[in-house]
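Every chain is named by a letter (A, B, C and D) in the order it is written, and numbering of its residues begins at 1.
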Amino acid sequence: MRSKVTTLSEAIAAHVLDGACVALEGFTHLIPFAAGHEIIRQGRRDLHLVRMTPDLIYDQMIGMGCASRLTFSWGGNPGVGSLHRLRDAVEHQWPAPLAIDEHTHAGVAAAYSAGAAGLPFATLRGYLGTDLPSVNPRIRSVDCPFTGERLAAVPALNPDVTILHAQRADRRGNVAMHGIVGAQREAAFAARALIVTVEEIVEELPPAMNGIVLPHWIVSAVAQCRGGAYPSYVHDHYARDNSFYQRWDAIARERDGFLAWMNRHVLASRDHATFLASLREVA
Amino acid sequence: MSDWTRDEMMTVAAARQLRDGCICFVGIGLPSAACNLARLTHAPDVVLIYESGTLGTRPDVLPLSIGDGELADTAACVIPLPEVFGYLLQAGRVDVGFLGAAQVDRHGNLNSTVIGPYDAPRTRLPGAGGATEIAAHARQTFVMLKATPRSLVAQLDFRTSGGFLEGNGARARTSMRGTGPQSVITDFGVLQPHPASEELQLSALFEGTTVDEARAATGWPLEVAATVETIAPPTKIELETLRALHARTREAHRRPVRLPA
Amino acid sequence: MRSKVTTLSEAIAAHVLDGACVALEGFTHLIPFAAGHEIIRQGRRDLHLVRMTPDLIYDQMIGMGCASRLTFSWGGNPGVGSLHRLRDAVEHQWPAPLAIDEHTHAGVAAAYSAGAAGLPFATLRGYLGTDLPSVNPRIRSVDCPFTGERLAAVPALNPDVTILHAQRADRRGNVAMHGIVGAQREAAFAARALIVTVEEIVEELPPAMNGIVLPHWIVSAVAQCRGGAYPSYVHDHYARDNSFYQRWDAIARERDGFLAWMNRHVLASRDHATFLASLREVA
Amino acid sequence: MSDWTRDEMMTVAAARQLRDGCICFVGIGLPSAACNLARLTHAPDVVLIYESGTLGTRPDVLPLSIGDGELADTAACVIPLPEVFGYLLQAGRVDVGFLGAAQVDRHGNLNSTVIGPYDAPRTRLPGAGGATEIAAHARQTFVMLKATPRSLVAQLDFRTSGGFLEGNGARARTSMRGTGPQSVITDFGVLQPHPASEELQLSALFEGTTVDEARAATGWPLEVAATVETIAPPTKIELETLRALHARTREAHRRPVRLPA
């Protein structure tokens, strides 16, 4: 059986094409920052980015001009405030116009679940009392064929590529994760291709009968990338750098400062290890 | 001058709304502080649920994000997010939803999406997250926000989450399962819905605040309930617990994280 | 906080009423035999029984006249053959007529999931190429509001009572299980009342961040019942008694032999411990 | 007389259909024996999925039920049943579905529900279980059954699972995602669908069986493919592996279980 182990740059080059619909998931925990940076380095354009919570990684990708559309449900810097680059794109079309497809968490979770299950749409008792359906034509309704109740419907999300970060994988490509899992499994099963970066690649995953495993046959590529979720975190490996999230507010507030930081730390670094080293220099 | 701030009083007043043992869906920020203060004082058996899937969590410091590792470490269990919204919230298995917002209108509807027009916003806010469905399905909701005429508004720029909609029973005619916002806790006191019109009225004031102050901070002509309770000041234990929680939190969030190597 | 710990007979008396819709779930593993026997002892009638795989426990309950309706998707003695009492009820209305509401596994799983999520129906790309919809009016269709595709729809399953067996619970009623879980969690969340029998009640559940836990506020009653899944099994406690499943074929084949066995072992035993002791006597 | 039984030959022939590394959804009984024989011989990396949620399982003895503890103990992981049918099968992530049935018709449709009328059955069979959706969504299916004119029938009493429906491309016009039954393995040989009519034809015979025998065991006028392959007898390794597997299984299922105390 062929190994699915590759490098991150090869995985991005092979699977993330200009114009693709790409979901980098991870709910606060396990956000695949290294993969997002590699997409920026490879200069992808016109991506349709999907994520429940865009977080700093999408702030960076949007600010660097990778995206033309964003599907999301909560776009802030958690506990800190705005995502300035996301706001600049929405409010002033800088560096490029960004179409937004805005949902609620429940709606995106249902849409990923439908995508994972191979269904064309999801039903939920959601979007009640909100103006969102008036600004998003993808929020529709369906009538229960038994009770007649009208419910909300959203189209399934099936990203061309989903990218996750996890604790570990084996050489066949089986991936194990634990801790907060958000809608990562659903985003993984919903995807046409699945790239996973991991803290470590092992010969055999530790036994975990009911553990959270992504089976190898849904995984397209696995790349080891220590620290690949930083400044997000990896349970039992490293903590969330809350102080970095707080500092990001100032870094990203102005266009020039943002570009300088991205050039200095992301573009000038050939990979994630170099990126982390560059942060250590200024620490 | 009192020896507590209005922010502290607001948090204490909000915490007191939570009954022990209730199942509470917690928003980040002010609600998170209030819910944990309740847990650390009069409600040790309150079950706190964060939308990251951490159930029955007992954090020692307040999380900065809705999914800090602290929440998972101290949780009774961690479940996937689709189950949080499906099996718990939508299924009616949450007693209280505790929300913040940028704007609240007189019927308890919330805006956390945009200031200005949606297509050309003056300020783009984070958006709905879990709020829309929390507001719809939790058996009741509490809302916390600092009051100014720009936050307690006559007209929302965008309705992110439904409260009593247009009031007068409009909500009950929808499929929203919960009873809506039963208290809006501000930094002058508490607003509660009139039983018939469902318009928010002043129902309680903090010690040292006045009806005039409340009216000045409200963007619609604020009605006053038949009796306006005066909320007792924070007890020594409430204040010490809250300040210690905040001190631990500041310290933890300032602590440098060793970069992974 | 009030303890949810009670005895099995009290839990059945309080929550399982004549005419109720009752789901004893457990997919091969963790089948709540003790609870089913207690329902037989308490003489419940006119139950609407729901279970993906009726198994021996429903063969026994049906043969003892507890049920008037059965919702199911596979009704056999796994690896052995027929459930003779189920067949006798369907083929000859003995001891009473049994209406059947027949589905596929995928349909019941979806219906429990919809029930758990508080939705009135479930959508699946299912029941394709089968005659089942022609004999079950509860299998309908719904059109995707985005693609127009016609999909199958089934009504949510929301049992009045779901009954499960699990490894352990704490005194507050939190329940932990591991091993094969079937659709048990969905059946639990879908229920109006939930009774769980467990091998042991502990002060505190062992930590299990991503473990399978039923939180106390969805649990109505917990009763300790060692061996409560026998002749089914409990992972890490006791194995499935495959030889008993094989012997059941002869025990249940004729009405008289079946009744004699049930009288001797179930009705003459005041509880599950006595039932197990009565089996030891003949072993 | 050969030194192997037809049952053994059928199981060996079925096992040979499985390619190494493929993702296979396994029915209980004959298919389970064939799939594990494949795993223990030429296909060590086949991924066996039982509908109980046991993925990548490697049982040492054959399970009696679809959810024996042995399957969980030796699985790569165990997932909930709704995910098995949703995320794997319905989503098109299963290569092969391996099914048994009581009746198969000339277009590979299956009956495992009733003999006789549904409302007044002569024999009530277990029913669909996972078969309907396995038949619809696995990329291809293999079917195993012992052939008699009562099992290979002109007309099913009930259609539990769809094969090629009425044939001639009828299946492709539905939302069934898989390509249907590519082989029906019996105890005389193998039937495969004609590419255009999609009627099952005799495509291979076991050594020592004849076309006449096959026709006598089939309830419709059986067509014979242009070339009929002769299936090589079981190898020594296949036979020894299968017999050892069955011996271990018999021994395990006979072993008394200590009643829980």
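The rule is short, and it goes like this: contacts are C-beta pairs under 8 Å (C-beta built on N, C-alpha and C of every residue); 3 or more make two chains touch, one makes a residue touch a chain.
Note that this is a predicted model, so its numbers are computed, not measured.
Enquirer: Look at the interfaces A-D and C-D and say which one is made up of more C-beta pairs in contact.
Expert: C-D
Enquirer: Roughly how far is chain A from chain C, going centre to centre by Cα mean, in whole Å?
Expert: 40
Enquirer: Let me have the rounded angstrom distance from the C-alpha centre of chain A over to the C-alpha centre of chain B, please.
Expert: So the centroids are 28 Å from each other.
Enquirer: Spell out, as numbers or ranges, the residues of chain B touching 2 or more other chains.
Expert: Correct list: 72, 78, 86, 90, 137, 177.
Enquirer: Residues of chain A that contact two or more other chains, please.
Expert: In chain A, residues 117-119, 124-125, 149, 151, 179, 181, 185, 209-211, 235 touch at least two other chains, as defined above.
Enquirer: Could you list each pair of chains that touch one another?
Expert: Going through each pair of chains, those in contact are A-B, A-C, A-D, B-C, C-D.
Enquirer: Would you tell me which residues of chain C are touching chain D in their complex?
Expert: 27-29, 52-53, 72-76, 78-80, 82-83, 86-87, 90-91, 102-106, 109-110, 112-113, 124-132, 135, 149-151, 179-183, 185-186, 226-227, 230-231, 233-235, 237-246, 276, 279-280, 283
Enquirer: Mind pulling up the chain D residues that touch chain C in the complex?
Expert: Touching chain C: residues 28-29, 51-54, 63-69, 71-72, 78, 80-82, 85-86, 89-90, 109, 113, 118-133, 135-137, 158-163, 165, 171, 174-177, 252-261 of chain D.
Enquirer: What part of chain C is in contact with chain B in the complex they form?
Expert: Against chain B, the touching part of chain C is residues 1, 116-119, 174, 185, 189, 205, 208-211, 213, 215, 217-218.
Enquirer: Where on chain A does chain C make contact in their complex?
Expert: So the residues of chain A in touch with chain C come to 117-121, 123-125, 138, 140-142, 144-147, 149, 151, 153, 155, 178-179, 181, 209-212, 235.
Enquirer: Of all residues in chain D, which touch chain A in the complex?
Expert: Against chain A, the touching part of chain D is residues 21, 23, 45, 47, 55-56, 72, 75-78, 86-87, 90-93, 137, 177.
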